[in-house]
Amino acid sequence: MVPPIAFLILGAVVFLLAMIGFLTRRSLVQALMCLELMTSAVALTFLALGRALGDRSMTGMVFATFCMVISAAEIGMGLALVLLYFRKHGSTSTDDLDLMKG
Amino acid sequence: MTGLPALTILVAMPLLFGVATLLLPSGNDRAVKVLGIVGTSAVFVWTVLIMGAFSTGAPGMQFVEVREWVPVIGMTYHLGIDGLSLPLVFLASLLTLLCAIYSWRLKEQVKTFFFLLFLLQVGMIGVFIALDGIMFYVFWEIVLVPMFFMIGIWGGERRRYASVKFFIYTLIGSVVMLLGLMLLYMWGPKTFDLVEIAKWGQAGKFGMQQQLWIYGCLFLGFAVKVPIFPFHTWLPDAHVEAPTVGSVLLAGVLLKMGGYGFLRISLPALPYAFKYFSFSLGLLGVIGIVYGAAVALTQKDLKKMVAYSSVSHMGFVVLGIASATVAGIDGAVMQMFNHGIITGMLFFLVGMIYERYHTKEIARLKGIVTTIPVLGVIVAFASFASLGLPALSGFVGEFMTLFGGYQAFGWVAGISVIGIVLTAAYFLRMLQQCVFSPPTEDSAICEMPCELRATEFLPLVPLMSFALFLGLYPQPFLAIINPAATALAAIIGR
Amino acid sequence: MPVALTAALVPILPAAAFVLLVVFGRRLGERSGWVAIGALAGSLACAVVLLVRALSAEGEPVVHATFRWATIGRFGLDFGVYVDGLSASVLLMVAIVALMVFVYATGYMHGDPRYPWFFAVFSLFTCSMFALVTSANLLQLMVFWEVMGLCSYLLIGFWFEREEARRASIKAFLTTRVGDMGFLLGVVVLLARVGTLDIPVLMRAGETTARPVLLIACLLLFCGAVGKSAQFPLHIWLPDAMAGPTPVSGLLHSATMVAAGVFLVARMYPVFEVSGALPFVAGAGIASAVFGASLALTETDIKRTLAYSTMSQLGYMMAALGMGGYVAAVFHLITHGFFKSLLFLSAGSVIHGSETQDVREMGGLAKTMKITSIVYLVGALALAGIPPLAGFFSKDAILVSMWAPDAKVATQALGHPLFFAALATAMLTAFYMFRQYFMVFTGPEQRHAHESPRAMLVPMVVLAVLTSVAGAINLPGLFPKLGELLVPGEVENALWWLMLLSASAAATGVYIAWEQNRSRLEGAHDRNGTFGLERVYGSVFIQPVFAVSDFLRRLNIDDIVQRTVLDPVVATSDFLRRMDIDVVYMAVFVRLTSALAEGLSRVDVYVIDGAVNLIGRAGLRIAAALRLVDIRAIDGGVNAVGGGTAAIGGWLKRLQTGVVANYALFMLLFGIIIFYVAKGLAR
Amino acid sequence: MYLNAWLAWSPEIVLTLAWAGMLVCGALWPRTHPYMRHATLAALLIALGLAGLVAANAHSLYGLYFSEAAKLDSVTTFGRLLFGSAGVLVVLASWDVHGEENAVEFFGLFVLSLLGEVVIVSGQNLLMLFLGIELLALPTYALIAIHKTRARAIAAGLKYFLLGMFASVVMLYGMALLYGSLGTISYVHALFPDPSHLSAARLGVLQFAFFFLILGLGFKVTAFPFHFWSPDVYAGGSTQVVAYISTVPKVAIMLAIFRILGPAFSTGYPIAKWFLIAIAVLSMVYGNIVALMQDDVRRMLAYSGVANTGYMLIAIIAGGADSQAALLFFLVVYTFGNLGAFFVVLGMGEDRHITIGDFDGLARRYPVLALAMGCFLFSLAGTPPLAGFFGKFALFKSAVAHGLPLLALVGLVTTVISVGYYLKIASNMYGDLVQRDLPEGRAIERIPVPLRIALVLAVTATLVTGVLGIPLFLGAL
């Protein structure tokens, strides 16, 4: 049996990589994917911790489940916003600097 | 009077009148003005009644109202009045009334103005009767807002700069003072009740190091307000830009709050620190006297000159307070009152001059006494009162603070006489240039009508009477202050 | 009438006149003069009553009644009236002189637009002198002392249309105020150390208080006297004070203003005696006496000459006080009050008649102004110290006190030099007075003049009479009434040889003046500048004195004061005004804060937004490249609803992720830094 | 017990039902769209009333619910009332703007986010906290983006979304680490136990966990290094939404932070404490100083929000009952003051940046609006007798009372700096009331009545809390 610590390390590594990805990717969608990956890494960590601690209340699993739920909602929201943005600006020449300044 | 919460009524009255002012239908300026005068008169009458019922010989607080209020933050509802505060309360009600009368001819934003005036009065009176640290601070800060607007709305050309500078400068001082009050709470009896804090301090329960820290914090707040050299630089700007009424109340009452703070909080609560710093404070007072006078000597703007004269005169207050002798404290309160009366008068006069000549430049003003004899004579009177001519009230305060200063610091206090001579110099120079001089071609021309109106003359009458009466016979006034001053001086052991 | 009330009425009556004239002055018009005179007459009557009482009081105070003016802790200040021999005698002199001057002024000021105002202030002036003299408390004395200063300011600057009058009034007020600050400090010291300011108690202060303290206090008090009595070096205001109307000068130089300084020292005499301050008083007095006389020598303005003579005569009094000649000084104060007011009033009459103040433009006035010339002569003789006029006796008393000083306060070694200096000064005095007299009243007539109105002449005549007989109040050895009044039981001895000596010194002075005048008239073409000095024969003695006088004039002490005191003060003030610390604050705090704010917002704008923009621009470049590569694909993608993800990515690559990623990075980076700092702090 | 639970959570149930009803009706009958605002308002008012009733029956209803996952206590009630009233104001402010277009989305999302806030406040474990945060955050991302005309709003929403999600996920990882090192996620008693019970390794992990947790929470409350999004988003989003997200979520999270950090926190975890102190100080200093240089009023308010977060953190660092009372009071003050200020900006027009110069002469032309703005500004600046002063005073006093006088000093001094930019607006508004030597400011279209009501309510709240509310809030809590 694989010890829980391995999953923890895996979770940490994935989280870190996804974070670096989020910080460096130029594509919005890629950024969204990185966020998803980060969430998954956290979910993995929760599961592993739950097992490692032998928590009978299944806190880790519950948390992991909710992580999934939230990330689903999140990707939905994210894509919707991206789409909306694209629609608004699609047909006109975009003033990107305006955007940068907020 | 007995049985009534006299002081609550005193501080609530202007508030209610202020609200009533706002409720009046807009457009009827006359009604607002009448209400303004009636309201301030009512407050004044009430003050006089309190003064009448005040028993002079007793050193302690009178008309005390004390109640639990907000125990979570250690706040109590505690009002009281003693020989230190009574003259200043009287001053505040008197000057507000006179300002209301003077403003009879105000044309714009009358409602706003009178509301601010009443609000200002709430703060001014409140500071002097509050015996709880938080209430004290609240009233202290309440004053800033109406004054900010008075300067910012009715001020001169650079009013925005001046109003913001005034607000921020004094706020810096007062927030640090607030920290001091909090430290009094924390290291002290866990209440903001100033009487309790004073008891705690006199029992020697504040550590020496603690006292020094708290004193430093409080000092900054009071020093900016007084203003003590070198924290005075907000004053000339504020005065030059402020409208007449603003200047009168600023110089007449607001500056006194600082001196009062020293006497009400620093001295009784922190005797060790007060003694420790007393020489330095006295020295700052002396420097202020000389410095203010020296800078006033070459001012080109009449109002700025009077403003710097305030720095100099308040130096005497500081000297008297620092001495912590009976004479010094008596003199300091006396000087505060006198300065309120006399400088208030001077600012009224500068306002009248400005209204007629549309300039405050000393070089352009000439021959006031030939054009408007009454105004000229009163300017001269006020100037002589201000330069401390004996037989007028300014002298009494100066003499007593000087005497107290000498008792405490010896010859160092004597340096301040340089300031007295310089004060005479700049006032005489002003009189020579502006009042007792023939008008020339390039001098400013008085816009008709020149003669003083009744609403302008009326405020001057009580001020002149007080300046004269207190100079000739100060005993009734001193009898009020003396017991309180004696008790305070006894704390320091002087 | 109780005697306390009588004493109080003396100052109250003119004060009432002052109030009356201020309020109703305009309605009263020229009648206001008579209101003032009426009040003054009442004061005079009261003063007479007081003197009569004093004469029978045998050294006890006539009146001492007080009320509590102020309580300062354990110190009580009681104001009130205190009249003894000294105050009663001075009071009477002041009342008489003032009354005469008032009457004179009704004529002199006739037609002036501010006539009521003049009499109002004049009343207050007199009132304050009365109150000063009757003060029971040193602080009260000081109060009226200063009120008098105020009045002198107003009166000297009465004709403020004239530049010189305005300057002179300020000068007078400020100069005396400099001295007054010493007075103020002296009062403070006395109150702090002796514990009271009650004059009768203070006079016994020597019993309770250490001598050094009293010395300091007395020297400080003396500063005030120096200022008021125009002693060297605070005399500079006195000559300029001539810019006021002549009645003002007449009163100011004789009975009121300048007399106050001498009175102060006389009042506090017991304290001065104990403290050891008297030698200083003597020194300052004799210096002023000599100095004033020398300055008078070359002065050509009739009133300024008299002004310097005042300084000189007051110096005499001070010197006498310093040598223990208390009675002599008061005696001279009284006689001087009469003859100096006489001289000023006559000079005013001369000016009134000839309309010039320069003696060089006068001459031969005795023909047109007969009465004036006679009374002027009486005054001049008195001032010169020619017997039997009043000035002779009092000056003689002073010389006696110097020759044989009071052993308690000074030695003969100190007294004799002073004596000779005083004698020489007496001769100089006689000289310049008579030179002036001859120039004004004798010789050829230079301009048309007319005699003054009766209102002016009558007081002059009365004063002339008084000047002639006033010496009788203290005839040494025969009728030492004043001495008895002031110091009961002490008999002054008369030195006959000394009388002779002083009279002959005065006569010498008159003679030299006459000789010089003669030579001047002979060479009438040279009238400018130095009075034909080189032609004065027999002037081996006078020549160097003239040189000194001229040198002093050239030296111009005003100029020195201006350069050493006033200029630096003004410069400092100007410097402070310009370099107000506000500027420093601005530089340090406000600039610092705004620089900080600027810097931080630059961090926001340049570092953060800059980084963002940089990346954004890089993105733009890439997009531009993309556009070049496949412009159609992008356009197509944009136009297609919900176009391909690649197209969206392309779009947003340019725009968005740069910002977001950077912000996220900053969050992490700053957060970590702060966390590590916190970790360090926690340790 | 069941009945009790229904009663205890009736306000939330009402809101949930209203939300569901709005979605269904909105989808089925488009004609109901204009009435969504009415429904929301009604639901909020009912919920407020119920919350009041619940509070009145505190003795029987207060307690732990749902397997100790949620707690009903005075703090929860406080949150409910504050969120509800703020919600009412926001609805009024949005009355016309989102009255018909996007009504279902707007009000639906809005109610959802309010629910999220209650979850945050009442939650007793990290999971509830996380769920609450997401429930709050996801709708607000969308709300920011919903704007009739402004294209930038979507960009702002997107930016907010990406950064917000990033922060949430990082926080989530922190929660995982917390769970790992502590073995529990519940903070019914105290999340942070006495550190002596923990092994060194766990304490080490705990440091990371804490850092991540604070990063996530700090993002939501715009504490210093995590605030970068706020000026951009505040300036880009629609004003009423910005008013909302600048206040209510911040309040909720602050209350949650106060619950999480137990009594052992201030003594046992110096690193964490110093971390918070550093963040608080930097927030106060940085926020106030940078706000001083802003010209766009919304950006200025964003930075002032950063500074106010710093002030709130003072209470959290100090800990203890009095600090809690102080914090609660300050939150009320901040909420109404900030909401009001944004509403005034809203009233001045939606179409472009509102700069400080736009306030020139406002008092002369729109005296009531100027008066309201003055009220909010002076309250935010902490001038007595307005509410802001007592809020700040209580905060600083609690800091002094807990031995942090220097922290209070920083707060006091930065308050003075803050007065600088608040007064700049005030002096612009009132500067030419009498003397008219200044250029005309911005002209304003008619201000809709609901917004007026909202303004009046906000002014009243500010004044009443200040003058009368002190004993009420500070004494009762």
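General observations
Lettered A, B, C and D in written order, each chain numbered from 1.
Just so it is clear, contacts are C-beta pairs under 8 Å (C-beta built on N, C-alpha and C of every residue); 3 or more make two chains touch, one makes a residue touch a chain.
Everything numeric in this text was worked out from a predicted model, so none of it was measured.
Set side by side, A-C and B-D show the greater C-beta contact count at B-D.
Chain B has its Cα centroid nearest to the centroid of all protein Cα atoms in the structure. In this assembly, the C-alpha centroid of chain A lies 91 Å from the C-alpha centroid of chain C. Chain D has its Cα centroid 42 Å from the Cα centroid of chain B.
A straight line joining the Cα centres of chain B and chain C is 32 Å long. In this assembly, the C-alpha centroid of chain A lies 65 Å from the C-alpha centroid of chain B. Among the residues of chain B, none is found touching two or more other chains. Annotation for chain C: residues 655-657, 659-660, 664, 668 touch two or more other chains.
Under the contact definition stated at the top, the residues of chain D that touch 2 or more other chains are 155, 158-159, 162, 166, 231-232.
Of all possible chain pairings, those that touch are A-C, A-D, B-C, B-D, C-D. Taken together, the chain A residues at the contact with chain C in this complex read 22-31, 82-83, 85-87, 89-91, 94, 96-97, 99-101.
In the complex of the two chains, the chain D residues touching chain A come out as 126-127, 130-131, 134, 138, 141-142, 145, 151-152, 154-159, 161-162, 165-166, 169-170, 172-173, 175-177, 179-180, 183-185, 231-233, 235-236. Within the complex, the chain D residues that touch chain C are 155, 158-159, 162-163, 166-167, 207, 211, 214-215, 218-219, 224-226, 228-229, 231-232, 270-271, 273-275, 277-279, 282, 286, 289-290, 292-294, 417. The touching residues of chain B, when paired with chain C in their complex, are 230, 233, 236-237, 291, 294-299, 325-327, 330-331, 369, 384, 389-391, 395-396, 399-400, 402-403, 406-407, 414, 417-418, 420-422, 424-425, 428-429, 432, 436-438, 473-475, 478-479, 482, 485-486, 489.
Interface of chain A with chain D (complex): residues 8, 11, 15, 19, 22, 28, 31-32, 35, 38-39, 41-42, 45-46, 49, 52-53, 55, 59-60, 62-63, 66-67, 70, 73-74, 77-78, 80-82, 84-85, 88-89, 98-99, 101-102.
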